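The two complexes that follow have chain A in common; it is paired with chain B in the first and with chain C in the second.
The block that comes next holds the complex of A and B.
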C-alpha cells in the first residue's frame, strides 16, 4: 500500500510538469458531464417524475455512479489504458519487477484530471441530498459508502476485463466502452425505468444495479419487507471483481510481448 | 547457476497480404502462420561468466532473454535459475536479476533520476543502508552524480543508458541481462558502459548475459558466445575458438617505393593494388605470413607493412553464411 502511494506521488509530480494542460483538461472533465446533468434537469422540468422517481432521487443515482466512475477512472486508469503498455512493451518491465502485476499496472498511470468530473459528481450528490428529506441513520450512511465502493469495484472490474483482452488482441477494444460508458449512462437513472432484459443484465451480469438502484430503494425507504438485503446488495456487487482478477491472472500467462 | 533445457516457444502470427482486399478478407477469415521462435534451446551458465548471446535479427535472442527473465512462458522445456523457475516463481526470481532493455526505459520519464531510484528502492524493498551504499558506488563508477536531479527526458542517450544500468543494479542482482546495452551510444559512452560491466563482473561476481549486434562489445566483454539462428543454438564456445575456426586469413598491407612489377605469391590473393601500396589476403593454411613478407622483400623495396586479423564482424558474417541464417 505504501508503494501504491509512492506511485501516486511520482505520477502526480510528472503530471504537474504539464500544469496548464492539467488545468484545462480538468475544467473540460468538469463541464462535459455537467451538461448531461443540466439536460437531465430540464427533462424533469418538463415531466416532473420518471417512473415514479423525482429529480433529486435521480440526481442521487447520478451523483453516486459518476463519483464511482471518476474515482475508478483516476486510480484504475492503468488498466483502462493497458493496451498502450502492451503495445510499447512496458509490460515487460512490470514482469521483471518483484511485485504483483495488478499493483504495478494500477501504479503505471493515474488520470488526475478526473478531479473535474469527480467534483461535478460531488456537487450533484450534495445538491440531491440537501433537497431530499431522508430519515438518516447509521445504516443508511454505511449503505452510501458501500454504494460508492461497489461502483469503483465494478468499473475497475470491467477495465480489468478490457485489459485482459489485450493479451490476445490489441484491436477492437472500444467494445469494452459499451460496458463502462454505457453502464454509466444507463445507471444514471434507476434501473426500474428500463425494460426487463436491461434490468436483468445490469443486475446479474454486470451488477450496476447494486451500485445505486437497489440500495437506494433502502436509503429512500422504498422497500417493503426485508430491507437489509437491499442494504447489502452493494457488497454482493463488489464480488464482481473476483472473476475479473482470476481472468487477469490467466491472461498474464498468455502474454506474448512484442519483438525488439 | 543457470540451467536451460530444451526450451520451445512458438508464436502464431497473423498472415496478411498487401492491399485493401486482403485486409478485409483477413478481417473475416484471419490466417495464421506458426513461427518457431525457440526450438530445443539448452545451455548452462556458471556464476561469474560473461556470455555474449548473438544472432541476426529475429533469431530468438530477445525471446530467450524474455523467457529466462520471467516475461514469457515457454511452450515446453525446463529452466532453473538459482533454483527457481522464472515463469513459476516470477516474483522470487526477478529479485535475483537485473534487466536492461537498450531500447526501452525503465525510468520515469518526467521526474528526476533520483526519484526513479527511490521508487525502485521501494519496489525491490531494498534496505536503506544497502541502497545508499549501492547508490554511492554506482553513481561514482558510472559518473552520474551530477545528473541525478535532472528529469530523465532531458538526458542524452548516453547519460540515460548509464542511469538505466545503475537502476538495474540497485538491488544487488546476481545476474544481469543486457539486451543491446550499447545501441545508439557514442564511442565514449560505449567504452564507459563496457568498462563498468567488466568491473561489476569482476568485483561483485555478477553473471552477465549480453545480447548485441555490436561485435566490438562481444570482443571487449564476452569470454564465451552462444550463437542462435532461426530459434536454434548453432554454436556455444569461447570467442578464441570461434576466431581460430574462422580466421583462416590475415590481411597484409605493404607500402613500398614506386614499382609496377607483377606480384603474385602462392597462397595469397590481391585485395587492392596501387603503385605504392598493396593489400594481400593471406591464406594461413597454405603459406605463412613471414614467408610472404620475405618473398615480397625480394621483389620490392618495402617502406612499411602491417598485418591484420580479419575483423570479428566478417567472421560473424561467415558464420551466418555457413549456417544459412
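The block that comes next holds the complex of A and C.
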C-alpha cells in the first residue's frame, strides 16, 4: 500500500510538470461530458420524463455513474493502456520484481486530468440531490456509497479484462470500449428504459444494473416489498471484480514476451 | 492536379488496409446506434405531443450519423500532420513543388473517405435488414436522395476545410490540445451529434444555424429522411457553398501568413 502511494505521488508530480497541458485537458474532461448532460437537460425540457423517470432522478443516476467512471479511469488507467506495456516488452520488467503484478500495473499510470470529469459529475450529483425530495436515512446514504463503490469496481474489472486480452492480441482492442464508454453511456439512464436483452446483459453479465437501476429504486422509494435486497445489490455487483482478477492471473501465466 | 490525385489514391489505399480496425469500429458504432435509438424511443414513448421530427425519421438520422461518423467528426486527427508541425519536418513539405494547403487537404480528405468507405456500407446494409422499428430505409423520394448526396459531399468538403483550420492554428500553439478541444467540444454540440438539431430548444437552434458545423451532418441527414423540404434544402446547399468558399479562402490566407513566420530550428 505504501508503494502504491509512492507511485501516485511520483506520477502526480510528473504530470504537474506540464501544467498548461494538464489544465487544458482537465477543462476538456469537464466540458465534454458536461455538454452531454446539457443535451440531456434539453431533451427533458421537451419530453418531461423518460419511462417514468424525471430529470433529477436520471441526473442522480448520471452523477453516480460518471463519478465511478472517472475515478476508475484515473486510477486504473494502467490497465486501460496496458497494451503499450506488452508491445514494448516492459511487462517483463514488472514480472521480475517481487511485488504483485496488479499493484505494479496500477501504479504504472494515473490520469489526473479526470478531475475535470469527476467535478462535473459531482456538480450534477449535487444538483440532482438538491432538487429531489428524498427522506434520508442511514440505509439510503449507505446505499449511495455502495453504488459509487460498485461502479468503480465494475469499470475497473472491465479495464482488467481488456488488459488481459492484450496477452493474446498484443494490440489493444477497441471493442472493449463498448463496455467502458458504452457501459457508461448506457447506465447514464436507468436500465428500465431499454429492451429486455440489454437490461439482462447489463444486469447479469456486466452488472451495471446493480450500480444504478436496482439500488436507485430503493433510494427513490420506488420499490415495494423487501427493500433491503435492493440496498445490497451494489455489493453483488462488486463481486464482478473477482472473475476479472482470476482471469488476469490466468493471462499472466500465459504471457509470452514479445522480446526486448 | 495529378499530384493531388495520386496522393489521394495512395492515402485511400493505405486507409483501406486497416480492416480489423474498421470491423471494431463497425461493431462499436452499431452498439451506439442501438443505444441512442432505445433512449429516444423511451423519450418518445413518454410524450403524446407531436415532435418536430418523427421517431422513424430520427432513427434514420441516427443510423446515418453512425455510418458516416468519419465524415462528420471534427477530431479525426492525423498524427503525421501534427508531427510535421511540431517536429519541424514541415520543411520537407515546404520543399515540395505543390501548394501545401491543397496537399494536406487532399490527405485529410482521402483519410476520411477511406475510413467511411469501410464502415458506412456494412453498417447501412445490416441496419437495413433489422426488424421494423429499428431498420434503416430508403429516402421518401429520389429528389431527396439526390439532394442528400450533394449535401453530404459538400458537407465533407466543408468539414475538411474546418479541420484544416485546426492544423493551421497549431502553427501558433504548437500543440493540438487547445484548439482540438475547443473545436471538438463545441463542434460536436453545434453539429447536433449530442442532441438532434430539431429537438433543440428554439434559442439554441438559432445559434446552431449561425455556425457552419450543422451543414456537414445535420443538413444532409435530415434531407435524406425528408425532414427538410426541397426549397429549404436548395437554399441550405447554397449556404454550404458559401461557407466552403469562406473557410477555404480564409484558411489559405491564414496558412500563408502562418508559413511566413515559421522558424524551423535545427537541421
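One rule holds for everything that comes next: the second predicted complex is superposed on the first by the 258 of 260 C-alpha atoms of A that agree within 3 Å, B and C clash if a C-alpha of one lies under 4 Å from a C-alpha of the other, contacts with A are read in each partner's own complex, and residues count from 1 in each chain.
We adopt the following convention: contacts are C-beta pairs under 8 Å (C-beta built on N, C-alpha and C of every residue); 3 or more make two chains touch, one makes a residue touch a chain.
Keep in mind it's a predicted model, so treat the numbers as computed, not measured.
In this superposition, which partner touches a larger number of chain A residues, chain B or chain C?
So, of the two partners, C touches more residues of chain A.
If you stack the two complexes on chain A, which partner ends up touching A:224: first (chain B), second (chain C), both, or neither?
Touch partners of A:224: none, neither chain B nor chain C.
Figure out whether A:135 sits in contact with chain B (first) or chain C (second), or with both, or with neither.
neither
Quick check for you: in the superposed arrangement, does A:32 touch first (chain B), second (chain C), both or neither?
second
Scan A:182 for contacts with chain B and chain C and give back first, second, both or neither.
In the superposition, A:182 touches chain C alone.
Looking at the complex, which residues from chain A come into contact with chain B?
Contact set of chain A toward chain B: 2-3, 6-7, 10-11, 13-14, 17, 88-90, 92-93, 95-100, 253-257, 259-260.
Hey, which residues of chain C end up touching chain A in the complex?
Those in contact with chain A are residues 21, 24-25, 27-28, 31-32, 34-35, 38-39, 42-47, 51, 175, 177-178, 181, 184-185, 188-189, 194-195, 199-201, 204.
Residues of chain B touching chain A in their complex?
11, 58, 62, 66, 69-73, 87, 90-92, 94-95, 97, 99, 101, 103-104, 106, 108-111, 115-116, 118-119, 122-125, 151, 179
Which residues of chain A touch chain C in the complex?
Going through chain A, the ones touching chain C are 21, 24-25, 27-28, 31-32, 35-36, 38-39, 42-43, 45-52, 173-175, 177-178, 182, 185-186, 189, 193-195, 198.
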